[in-house]
């Protein structure tokens, strides 16, 4: 299982780079094996083009290294808080993708302005509070994760599979790490569309709840009609 | 005829992806054989890079599947309403191309600000009304088509071969599906130019009727002088 | 001479396409042989990827075809007015390149906001008046050229080698057609930079005359110090 | 040493072009051998694709050519002032990269709006004063360097490794010329993000000092925890 996850996590990290979502080393992906509670994550500051599956670092949910000789991504503690709080997710991706990050820097959530967005997120992409000096001073990465979790007190992380961290960038998750990469790619596109729609007309309003639900539920949940029928 | 249309429709769908007009599976193309009244359309949620001509689904104008084992695109009912109302068109394309969608999300039609636009559209690219909750609740895709048709009560679909659906994206059509793909590509470019012109100066005004007609009629209609003489 | 110009004009047209300055067939390039007064220009509506040198059309300065079986570009009459009025130029390029066209659509000249601009244009890139209905109705393409020439009554076309035609796009020229292509490429870049600078701060002011002259004259004219010494 | 620097400087210049930071010949890179005080710089106006290591020009810190038959980049005198004032730097890069230049043209420094910026610059990317007519008239390039140095009277060039020259473009430096190229690439990305964040909401505020220091010091300085442990 862990060997297979190692490969998936490597692939996800390479995909982030290939899709232009993580320039330089601005990004990291991880996956969790729920049975053992072990997390597989990218090592810190290793260039995407030389990384191998064996470079992936394996830790437990306390962040203790179980396997691997390299330091884990400096954002490990954030990933761990997400895995602890969002028990249905299997993978997490952090990117500084361009437009999602610009929204995070502008300190605004991304409103749902159209059906492209509603196909993937059942509502706005939420923004965390800014971290306090104390939260930054000690256990910064862990507090970043806690800020996301706090923001989701009233939200379902499976219906809103991403958050913008104030003045920072996005964290995206999903049932698998490859699903999280796909959603990170979609997030960048809808962040860019929302930017262009709102700079064209700053008074733009979110879609109706009826339209939001129609599109979200057409693709997700028990009554989904999109795509081909699943084999029984 | 249908075999040939299958190939054309496959090619059109692949072109949408190659030209960057339909990321992921955000898009679909169809064509109609007017003699039999059969529509050839992309299957739902199949990745562009593995689709074959045999995957295309064939339906009648009531949406009943005539040939094919896959589910048709979930937007089939919209395409059908366009084929019913606009009897001169042979192909329809739906894309979430970036700037056209941003305009649809901003709930503004695209004004004709220059000759690039006037070469292809004899006036603004119109925007539909927002669908009501009732229209969204039942027969959503069919009602999307009806909203476009209603918007064209006073417009000639051959002179304005595209519409923006409010909070959604664009539908584009033409005498053939490949012409519709070409127009979808042009639409994206003029949507982007209009965005940049109007964010530079929000007070920008449409071109004069004289300039609009000069450019549109230079390329279209009986007195066209653009391109090479047609063989008799 | 004409054979060589045919090749240069073909190459210039292909370059416009390769550099992304002329999508579809939105663009054309021509050159003049000053000795014979013959103009070599792209045929109308022929795709860039199948065009050959033999397809180029040769006309005199009255627009009469001297050689070639295809129709010349519909903008020929504009090119001719530029060759008649600007006697030092050897090549003309017309493109609908994205940002230059957005400026033309916004009905503003491009102010000289920085040294990138000043390296190539000794002042703003001027905008013509809008054509009147009469000018559009008869001899439209010729009147487009005359509008440019009128705008240059007080300007030196060798120091300002481009114009924006109101609600249309750019015409660019130079001592040779390949120099005009290069300038068209630069124009697009400075149009884009000026767009971004002015949407960031609409109150931006042009550079000082001292800075404008320093940069322009460092690259152009008798006292140029840029590049390598010319062989005597 | 100089032979090795020649290769590094050639590579840096080629990288500027490959990464899209220096279109045409809008850019130059140099390195210094601190032992001999010799500067290796790109020749003026030579296309990137034909440049060889042997074309690099070597001068002393008075700008006198020590080796090489070509003219040095016209910006040599600016590079020299930076090497004289910032004694820890080993390489300098000048580019007209798109968004950094747009900021320089808008006459605003780039505020630190997020952690992507804070990872590389400990504060805003500063803007020089506009040069006076006198400074432009005589020793323009040297005065450009002096304007940067003046702007850094209270700044540490190792913590703020770039400056925007008013109405011109950016100069970027670092311990080596390849580090300067990397920083120039980052600068372009953060300039673009800051543009998009501030056009989305012009009231955006810089990050807190706590967040700025956290990110900058996580990657730089004695207590850095980012990346893999250095071998002792």
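We call the chains A, B, C and D, going by the order they appear; numbering starts again at 1 in every chain.
Heads up, the rule we're going with is that a contact is a pair of C-beta atoms (placed from the backbone, for glycine too) under 8 Å apart; a residue touches a chain by one contact, two chains touch by 3 or more.
Since this is a predicted model, take the numbers as computed values, not measurements.
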Longest centre-to-centre distance from chain B, chain (CA-based): D
Whole-Å separation of chain centres (CA-atom averages), chain B against chain C: 33
Computed distance of Cα centres, chain D from chain B, in Å: 47
Sites on chain B at which at least two other chains make contact: 198-199
Overall pattern in which the protein chains touch one another (line/ring/star/complete/other): ring
Pairs of chains found to touch, sorted by chain label: A-B, A-D, B-C, C-D
Chain D to chain C touching residues, read off their complex: 23-24, 26, 43-46, 70-71, 74, 96, 98-99, 101-108, 130-131, 133, 136-137, 140, 167-169, 195, 198-199
Chain A to chain B touching residues, read off their complex: 113-116, 182, 185-186, 189, 192-194, 196-201, 204-205, 207-208, 210-211, 214, 218, 225-229
